[in-house]
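One chain, chain A, links the two complexes that follow: it is found with chain B in the first and with chain C in the second.
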Partner chain A sequence: MSQTLTPPRTQAPRVGTSAPRPDGVPKVRGMFAFSSDLWADGMLWGQTLRSPHTRANIRSIDISAALATPGVAAVLLHDDVPGRKIFGLEHPDQPVLAKDEVRYQGEPVAIVAADHPETARKAADAIVVDYEPLTPVCDAEEAITADLLHPDGNIFRSLTIRRGDQAATGEIVIEGTYEVGMQDQAFMGVESGMAMPCEDEGVELYISTQWLHADQQQIAASLDLPDDKVRLTLAGVGGAFGAREDVSLQIHLCMLALYTRRPVKMVYNREESFYGHVHRHPAKIWLRHHATARGEIVKIEGRLLLDGGAYASTSSAVIANATCFANGPYKTPSCEIEGIVVRTNNLPCGAMRGFGAVQACFAHETQMDKLAAAVGCDPVEIRLRNAIAPGDTIITGQEITGTAPVRELIESLSRHPLPPPRQDGGGRQDGGDRQGRQDGRGRAGRQDRQDEGDSASQHTSMADPGGAGRTADRSRIRRGVGYGVGVKNLMFSEGFDDYSTASCLLEGDVATIKCACAEVGQGFVTLSQQIAREVLGVEEVVLAPIDTQIGSAGSSSASRQSWMSGGAVMRACEEVRAKLLAKVAVEHGFAQDDAEDLLECADGRVRSKDGLLDMSLEEAVGDENIFVELEYRHTPTFPLDENGQGNAHVAFIYAAHRATVDVDLDLGLIRVVEVATTQDVGKVLNPLQAYGQIEGGIAQGVGLAVMEEMLLTDGQVRNASFTDYLIPTALDMPEIAIVELIEQPEPGAPFGAKGIGEPPAVSSLPAVAAAVRDATGLDLPRVPIRPQDIALAAEKL
Partner chain B sequence: MSEHYQLRVNGESRPVNDAWLGESLLYVLRERLGLAGTKNACEQGECGSCSVLIDDVLVCSCLVLAASAMDREISTVESLAPDGDLSDVQRAFVEAGAVQCGFCTPGLIMAVHDLLDQKPSPSDLEVREAISGNLCRCTGYVRIFDAVQRVAAEREE
Partner chain C sequence: MLAELAGALRAMNVKVARTLDEACERLAENPEAEVLAGGTDFMVEVNYRHRSPKAVVAISAVREIAGWRLENESGGAGGMGADAGRYGTLWIGANMTYTEMATPAFEGLLPSLTQAARTVGSPQIRNAGTIGGNLGTASPAGDTLPVLAALDAEVLLRSADGSRELALSDFITGPKQTALQQGEIITGVRVPLVAPTDASNDIGRGEFLKVGTRNAMVISVAGLALIARHDIQRVCVGLGSVAAVPVRPTEAEEWISPRLDWQQRSLLDPVDVETFGEMVAQAASPIDDHRSTAVYRRHAVGVMAKRALVRTFGSN
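Then we have the complex of A and B:
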């Protein structure tokens, strides 16, 4: 199976080890309280009524029948929003509840609270809304010139990155237009939470989110309450991947609780969840590469068009990312690349893992393969010839001052053996033969067992494209191999005041860490404990509740929390250590200024480095607890100018992927056999968690490559269920080979570590697509690749 | 909303009072009996997060009417470590790094116990097939496969 790397089983708790998750045991016992698991005496259930129309005027709303339903405690509309009637993460433009117009299917129109979820649903159904359907604008290109869909206009943002010699051209010119479908984050834990009214007229909200304080500000504005009367606590979060960065049911829950003066719980069902959060932007990207005869990039022209859907969300930041990284991790002396993100009547789009870099990567990596073909070299070589390196300047004019081991990533990956060929002898073995790197190495011991079993033929079929259906004509299965290399920025860009807050309290030999960093499954809780142990030498680290009783930690997104909240926890612990050592120095006659040089905290003890002083932490701290709370910031970034130039980003992370696929030419079915990867990580803080992030991210990239797409017709969603929106199952998941994590400490990063969550979802996508092209010879300019894209072209193959 | 009946859950008889007969077993376990370890992620039998055993058969509790499970033995994730002493599968999930957000975990643990009880030494493909009805969005399943094989190896010893 996919145990290319066996994680160390050490349970040692410090930085760099596979420390166990502190929430692991309650999670496996079913005792961990997710936001849908909350319960309170006298609790009501909330329900949302949503627009069935893509775009419509609302002529009237009659709530009388709903209010008359026994068990119903509240039915609230737009005019019942006490304060600001709109919300939005970067640019508030979305009604908390629709008033005169609905702009996408699923837009919230009314909210209900009742004593049973079924009663609430029935009451919502009893609300009579008189709609006047309007002609929707669902095509992004059309939206640019269409009548305004919103008073704020149809263009969320457009920018152009212009650099170098615009007249430059090359001997080789390659162009193409690429499309990426709308992906859903499909976290397992649907949107849910509970709000409780407080005696001070405030409200408490237990919620699954990525950013408590951004929610708090938006809720407070809409409730017309000061921030400190809106107190949020993170409830257990069942995955996020970007979908919880925006407000969904937060304001609704608080409105219902304050109106009814009772606790209110709300849990979306899966269908509603598809309407209830933003998605990955569908994209249409045109790129034209000019290159020398050797394939060195001279200039790139491009236009990226993203469909932002009905409301702004984080569209303006997503298009900046997509445009900034449209050339990929390659030297590009000249460019003119335009990025536009528009408003349509489709579902709103916003953050999803990779945040603009995913769409761009699919386009630039497909271009690189075409360039390789035009030059007559292999996909690895073309990437090596153009790989960016430290000291180079990216297309925004920013010099890479940190690490950028792009060449190392590609070389390491290309040295890794391909997976063994198909055992049946059917089909070509293109990938192996053509690459000349097939080593035919035997499988691991466990793999062999299945081949010896009495049902071996059945099992082999299960591994074919189509799996359990066993419909593949095995002679028509083709193997292909493809590469993808990607780049992503870490943390927030373009001058955003990006910070995290943390505190450390040292009481005897116990450290208590508090930070509002949303634990969404990524394992910051583990890391937080590791950092405290590393810095203070303590064994026991208590994690205080994750809530708004401390300042913001920023969002658990943009691969930023290991650096930002990790940095805040590290600094807080370091300051506590400095205070402790200064105190010990004074008490024991050391020079206070030299305390950190002469003394150390380790293994639960404070020691002088000369060995003369050695005391327990408990003794050193004594009765004077030490407490430090601080904010941590990364180096400042700056806005892009009118030519898209500026030091807009903090740091960059890179990854490379190689996919091997088997394709059934007749049925268009794809089995992703293996994805091998190398990743730039700075430093691994927790190997087991790093592998987990990489494997999970690749699963999402594979999903977008071959199966995941929200299907909309005139803005109407056709597949809002797990029956129809497919995500990879255990049978779909390829073998994962984590070939190498390249550790080059990043200057300025806590412990030298880069965030690692997003890159696995960025370049795994184009690698899979390239492998399918290699197997079929088809252009396949669109993902996800659908069976018909292959099967209907099969006569050509 | 006025039906009264009894369910046998984790070896105990549990009264269900003032219930609506349309309630799923998942809803009754979670909201009436306080057994929230069984999760709700799709409520249409696609994701496996609500997996429980009824008379030793693995089912999606979202697809079972609670009242139809009267007189049958229902086992939930809470039955595996009542005193906090983890089952071998639970322990392996923690140690192998098979848990991230943890939402799919209880359902997967029920499915893996069921698999290993029936087939102590499954091949890798058999593991994949057996848990292919349990969706996980965080892990890519790799560490889950590892956890299953760790238990299989331990049980062989």
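Then we have the complex of A and C:
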């Protein structure tokens, strides 16, 4: 992958530099301990028995054979849950273990602990569950009116955002219905952890998760223990992307450990993992845009229907996001947009990178392209004409008080040159004839991009659509270009008390930072060191264990940790600095009140700005260690009213993507050639990590555009493996051109920095889809786009 | 029931054979024993609990069935039938890995098999997986199988009782079903060399094309091998993933072969190319599954057939 911006090589460790990750080298060398590597003497292995049925009543469960299996230490059922028998991140509605009914394929029914994983599996097989299969409800539309699938009802949430003049209309009316398939987070590290019973009747859990304290509360409730008897420590996390925000095996592990009084380890296998975590909501979105003849949006009507699956998870927040951003980053004077998320018997859906904004973006960006076509302008121009700006009001009535460089993003991206045209003349951008035939045998110009080791590469190359399958006929490849612009909220919305806790201990010239922010690969361990160095001028920063011995940091989700936990670490360090400087001021006869003006911490020293005082940190701190622990909150947000109006969000982040694709018209195979991007970042805290986030997010957007989908038939999963749930390989990843990261400091944000993790996954998806439409001339209202969607429709092109 | 469970939990009996005789003996003495080669299919089945072997005979250390060699290069019949083997035959050991099939020397002899091998899995899978395993698994999506079908390959089998050879079409009897008998091991496969080994042009070398929903490391949605056999002046085609077993579209082969100029390698009439593609597509009997649809698969083999033919013979 090439980058337009070359990451700086400097290893200087402060904010704004590409400081190296403390966990980077161990991960690359295979020395990093992931949660699946945990081990304790005398430990048992846990196993989950899951429902094979999409929906069924449980008539009886016979565990006698399982219990009698040599080596089995425990077989536990619903009635063995000591406390609250249900759990859930926002609204507890999911049984820890199913009792009378199972509501999705893979729902946990029983848990087993045994002295060997194979023994545990065999014992789980020996549990006899008498099921009475029921007719499942697997269609979201049908679920709205179907008989109740759960005592809490079938509608997790419905809301309507209504604003402006409902009678307004325009010369141009564009409508469409769009569908997004169920995407999986496809993290590499499966769910795993280990629980250990403690002498105080409590339990310790080593776990990969996104939010230790949310887990802690749910576990404690189900174990009927006070929170402080449930102590969690973050174990090595192998990716998250939203899939670790909900409880999976946490409660099960603790139950087994407390019951057996032995350490218990559990590791899902890859197939089980697909059943063991929530997915991105499948969506069906109808939008109708009313616009002036110039394409300025007058009003948007819409209906978004999301399939939440069997249990609530974070569905209510996901639908709020999808609905709030259904119009995209565009001025929209009037709207009436309804969002509904329902319960079905499909796999539960919840958080995934982009969190509702992804599905909405696919719909609104496709609408924008149609609007451009109707107006007769290009996709860039239509977006510029409607781009939202600071001071504008979004459809929820909230004024944008922070930065919103949408116009700058689009203009910067559109100035970036397109990738070189295909040498064989396929595609439109070079103005070549669409047949692209060069000579009688169609072979001229085919010597470019030959692949090493492929003797037949005069015909086709790895870089053509079809890749290693050598299927391409270059005369039948068309190039297309498409744009996508997206918006996403940062942090938690709608009045949630969102905070992070951090402490800083300064001992001599060593700072120790403690924060429960889950490091899931995003690089907070790097960033927290950078912040401490920046504020305190120390060289050595120790990261204390990430655990529940300090207050909550909130979730590593919603692009929030750089702001929230970064803010908490920054403030804690600032207060430590203030205390230190005040002490030095007193000791050396400076006015204590002016200490921060007269003195500074830098380069491991405390100096007066007049240069008269210059001492090492170690000397300045002396024997009196300085310690500060505090909570950091963002500005408060508020609920949405009955018209979906209110200051529900803290801040917004924007990105723009331009995709270039090559499509084999006859076979419908796609090669994404390049994704170019500009992103609103506030301030770059670590360039290398920023590029990493952007590349990774684009990989997930490209994946959803052209291949990633969990396939369910009547709620039964058909591709629970990496053999058949396809994610992009290196050969599927395009060149990533990071054209510009626009640095406009966000008011109120630590260092002016916005979170950056999600936008790359939001608007890269519609950009790729638009590029495929450009290449084929097809509507393609559904993602992922399948080969047959193109090949069988495009036969006559 | 408990006794069964306890039995199932006992340690698996694993024998690592060093010679073919030893492997056959181990299989003969334990009827429950299963053959393990590269393990790239076998272990997936174990992990997904579709297979719970009680005993294993590992054959990857059996050198006799490693590598490849030319046989009867002077032009003998080589056991491949009267017309076959004008340029000799190629013996490919069952333990030959996909990576080994991609070495330049081998590619020079049978590039279509190299092309098929390159589409298999990841480098790690290609380092471990073998052609014997591809035959033994007999998946409709097995990537080498269309090439072997197009070449009328013979599958070589051995047991403690002796050896036998089966035509590929007799060996693969259904999806993941073979004529392999208890106690038998696949020792290799024999294919005719269909062009002189020193040929300067690539006619006769063959083409392998595979459609998947990803540009690499993907199970075949549809695969096609096309071999223009100089020795018998016939275009031979093998189709994968479009039926329960590898398919030979013999009507299409017989229709197109006399229409080709085998000396001049002349340009094809586009109408003939179209007809050939349609005939190949009609020979497929695909199904809908989670990887694709029957309609698309049939369409895809038709497209691939046309493209492979044009690559080999050129087009007006």
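Keep in mind that, in the parts below, the second predicted complex is superposed on the first by the 759 of 797 C-alpha atoms of A that agree within 3 Å, B and C clash if a C-alpha of one lies under 4 Å from a C-alpha of the other, contacts with A are read in each partner's own complex, and residues count from 1 in each chain.
As a convention for this text, contacts are C-beta pairs under 8 Å (C-beta built on N, C-alpha and C of every residue); 3 or more make two chains touch, one makes a residue touch a chain.
For clarity, every value in this text was computed on a predicted model and none was experimentally measured.
Peer 1: Just to be sure I read the superposition right, which of the two partners does A:Asn269 touch: chain B = first, chain C = second, or both, or neither?
Peer 2: Both chain B and chain C are touched by A:Asn269.
Peer 1: For A:Met462, decide between first (touching chain B), second (touching chain C), both and neither.
Peer 2: both
Peer 1: With both complexes overlaid on chain A, does A:Thr729 touch chain B (first), chain C (second), both or neither?
Peer 2: both
Peer 1: One more residue to check, A:Asp152. First (chain B), second (chain C), both or neither?
Peer 2: neither
Peer 1: Considering only touches as defined above, state whether A:Gly24 meets chain B (first), chain C (second), both or neither.
Peer 2: It touches chain B, and chain C stays clear.
Peer 1: Check the residue A:Glu118 against both partner chains and state whether it touches chain B (first), chain C (second), both, or neither.
Peer 2: Both partners, chain B and chain C.
Peer 1: Classify the contacts of A:Asp139 with the two partner chains as first (chain B alone), second (chain C alone), both, or neither.
Peer 2: In the superposition, A:Asp139 touches no partner, neither chain B nor chain C.
Peer 1: With both complexes overlaid on chain A, does A:Asp473 touch chain B (first), chain C (second), both or neither?
Peer 2: second
Peer 1: More residues of chain A in touch with chain C or with chain B?
Peer 2: Of chain B and chain C, more residues of chain A lie in contact with B.
Peer 1: Looking at the overlay, what does A:Arg718 touch: chain B (first), chain C (second), both, or neither?
Peer 2: second
Peer 1: Can you pull the chain A residues that chain B and chain C both touch?
Peer 2: Looking at chain A, the two contact sets intersect at 116, 118, 269-270, 453, 459, 462, 468, 721, 723, 728-731.
Peer 1: Tell me, which parts of chain A touch chain C in their complex?
Peer 2: 65, 68-71, 116, 118-119, 121-123, 126, 269-271, 440-442, 453-456, 459, 462, 465-471, 473, 666-669, 671, 706-707, 711, 718-719, 721, 723-724, 726, 728-732, 786-788, 791-792, 795
Peer 1: Write out the stretch or stretches of chain C touching chain A in their complex.
Peer 2: The contact residues of chain C facing chain A are 1-2, 5-6, 8-9, 44, 47-49, 102, 104, 107, 111, 115, 118-119, 202, 207-219, 221, 267, 290-293, 295-296, 299-300, 303-304, 307, 310-311, 314-316.
Peer 1: Spell out the residues on chain B that touch chain A in their complex, using ranges where they run on.
Peer 2: 1, 20, 22, 27, 30-31, 34-44, 46-47, 49, 76-78, 80-81, 84, 86, 90-91, 93-97, 99-106, 109, 121, 123-129, 131-146, 149
Peer 1: How about chain A: which of its residues touch chain B in the complex?
Peer 2: 1-3, 7, 9, 18, 20-21, 23-25, 27-34, 36-37, 39, 116-118, 185-190, 236-241, 267, 269-270, 446-447, 449-450, 453, 459, 462-463, 468, 520-523, 688-689, 691-692, 695-700, 721-723, 727-731, 733, 736
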